[in-house]
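Please find one structure pasted underneath; my questions will follow.
For reference, chains read A, B and C in written order, and residue numbers begin at 1 within each chain.
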């Protein structure tokens, strides 16, 4: 079956003052029609850069150096970043919502100006229709009295409201895929839950697929069908949501799970992952997680970075030499 | 749902401190133009210090027989109407420019820092009085203010330094007042207050170090502006007077001979431009290298 | 909004009052007795009867204590009387009315000429960052800031005045008398006044655009699939002009500063030339009035900039 979006062996490097930074180093994933997936990892693991690469929104000193992004059967990486074809996809077919609702909206333009411009560009609407549609969209995402507020400026809205506007903006042109990069991180807990609910609801209504990018496994637990765990520019584990939560196989995933509060672990201590993420400019040949890994063996130290290998469970793959299921009393402490 | 307790660290926190200096040097020295600027400034320092030994003639040594000589081996850049060697005058002018520039920028930095930190830290009436007064001083174009003061004080190197200092203090005061205010609001300063540290201690130990970086940048950049202003005053004839030599007055002196001997005006002008250019380049380079946000923008 | 403007205006008045203090007391420290200097230039003081000198002192109010003199000066200022020039023996207000339009003509032309090219060049350099255009613009703008105005003037005079003989090297003609000749006279002074402005504006614009271009909302704009032109014109340009506008008031200051030098070189009978001349002649009445007018214009234009700011930046609230 043909995937809606399939990313193959994507590599995005940054030429920084401190040397070559391999932010995304051979990442592959796919999304099907109307599917919700999660991409999870710590800050700086390359999850955002992966998504920006899909949109070809990598700015200097970053560069997409390899891989394919196949969308509706065509490798869109072949398109020029600012060419017609890519621009038609960006915002029209694949839309993106960013992490910081406070800074992601232009402070000197009204909501109408910012919402209408995509509509006029991609759906060829005229000014009046675009305005009407914009009001409708704002109503859909739950902005009270949108007719009155559409000419307001972003600073007149709260963070949660602005993220609602971002969702409206992202979905305005009925995109095939909505990429939400840490959509709720900057918001307070109750707002987070509301927004996730709204986002999934909206995606369903618009028949779009959704890629949720987050550092919080808890965020994707309820909504994502499949989950990718990223660490240091690579995917270290992938599988269905159920598999990942029930049978985590990568030490990093286990660490992430231990650091998320869960109903079945109430009263137990949350265990942070020891150590810090590696410096991506100076990566060792061996497994990048090794210095923080509680399961490391001699083989890990002497062998190169492990490849993703199939393990039992539907579509479950893991980048680790150690078969943790056999090592000890597994899973979540 | 609560935030996951994953340890989130920014790249910068992981980097050990030593790398900061190395990184600074690498970023700072990455651009070729910086090397040119550093070379010019090194040359300026060298000629300023060793001028008397480098110059083939005294800066006021007249030799009417050699009046208006064209460039030759004897007189590298020729002579003026009184037969004074232009090249030697340029060398002595370097000393003047550097002395005025450095003395002015340092005195105004010190005065401005004191005033700005006091204004920012005390707030209230003190702040209002100091800052409004600075606003009033800034109401004058720098050159006009310096001109007025130089007119009052009279010509001469010391007076020019004083005049230019007064004209430069408001900029520093504003910078330091703003910095002090923003640093003061930080949590760790509040913490210091709560454990009863004295105001002076907080100012000296906690606020001052935080303001050093923008200070260094401003010091370097303002050097260029000061040298330019000194040259302008000297050009107008209200600046450096003989026996001191100033590039600005050399340009002015050459006007009468612009048609016959343009070198007299052009050579000192090039010197002023190169030096100001270099200080500005270095100042901006420092700013870019010190400010991680702007890293790589130039 | 209104209360904000009123408050700003009141503060502006306070600052202008401080300016009068600075102008008056600094200038009164001038060495020498201005009246005696003037008289000495014209006639033999020793042969002058004492009463005549005293009468002159009274005429200029110099016989009163300095605070009274200050009060008189301010009082007269409020009535619109700027005093009597010692050297010109003329009403200073009238003198200023002759000189100010000349300076404004040259200065404002330079000001306007410096804005558009500066903004455009800076914008292009930033959008084509690290390209050859950017490098050339960067080098030229650094040079433009570093170039001494008086030296640039000499080069222009040498090339266009003395060698090519295209332009007159000195003097000023009112545009109402002979517009074409007036413009010819204007070209070199305007280049001198505007070049540092163009360079500085270009540099500020470039860094401002770079700063804005890295903002999240610009990324949002790109992510909508907008063309570069739309991103730049709608999302980057307006935001990056904000800091440029803040500095407009300061530019007016530079214009006056530049006019001091430029007017002296090109023999333009404006305020700058008058100021330098009066400093040499120690004509304190003229110096006071001259410096005060410059400062007031600068302070008022800064005020105007501050108030008009909200039009560009909706985030500014006037409270």
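In this section, a residue touches a chain if its C-beta (ideal position, glycine included) is under 8 Å from a C-beta of that chain, and two chains touch if they have at least 3 such contacts.
Being a predicted model, the structure only gives us computed values, none of them experimental.
Put simply, the chain farthest from chain B by mean CA position is A. More C-beta pairs touch across one of A-C and A-B than the other; that pair is A-C.
A summary of chain positions shows that the Cα centroid lying nearest the centre of all protein Cα atoms is that of chain B.
Inter-chain spacing, taken between the CA centroids of chain B and chain C, is 22 Å. Look at where the CA atoms of chain A average out and do the same for chain C: the two points lie 54 Å apart. Inter-chain spacing, taken between the CA centroids of chain A and chain B, is 49 Å. The set of chain B residues touching two or more other chains is empty.
Counting partner chains per residue, chain A has residues 60 touching two or more of them.
In chain C, the residues that touch at least two other chains are 129.
Interface residues of chain C, counted against chain B in their complex, comprise 11, 14-16, 18-19, 21-23, 26-27, 29-31, 129, 138-139, 142-143, 145-151, 154-155, 157-158, 162, 207, 210, 253-254, 256-257, 260-261, 264, 275-276, 279-280, 282, 287, 291, 294-296, 298-299. Per the touch definition, chain C reaches chain A in the complex via residues 129-130, 214-228, 230, 234-235, 238-239, 312-315.
Against chain A, in their complex, chain B makes its touches with residues 1-11, 13-15, 23, 26-27, 30, 295-296.
Within the complex formed with chain C, the residues of chain B that make contact are 33, 132-133, 135-144, 147-149, 151-152, 154, 224, 228, 231-232, 235-238, 248, 251-252, 254-255, 258-259, 262, 265-266, 268-269, 272-274, 276-277, 280-281, 294, 297-298.
Of all residues in chain A, only 16-18, 42-44, 60-61, 189, 192-193, 215-219, 255-256, 259-261, 270, 272-277, 279-280 touch chain B in the complex they form.
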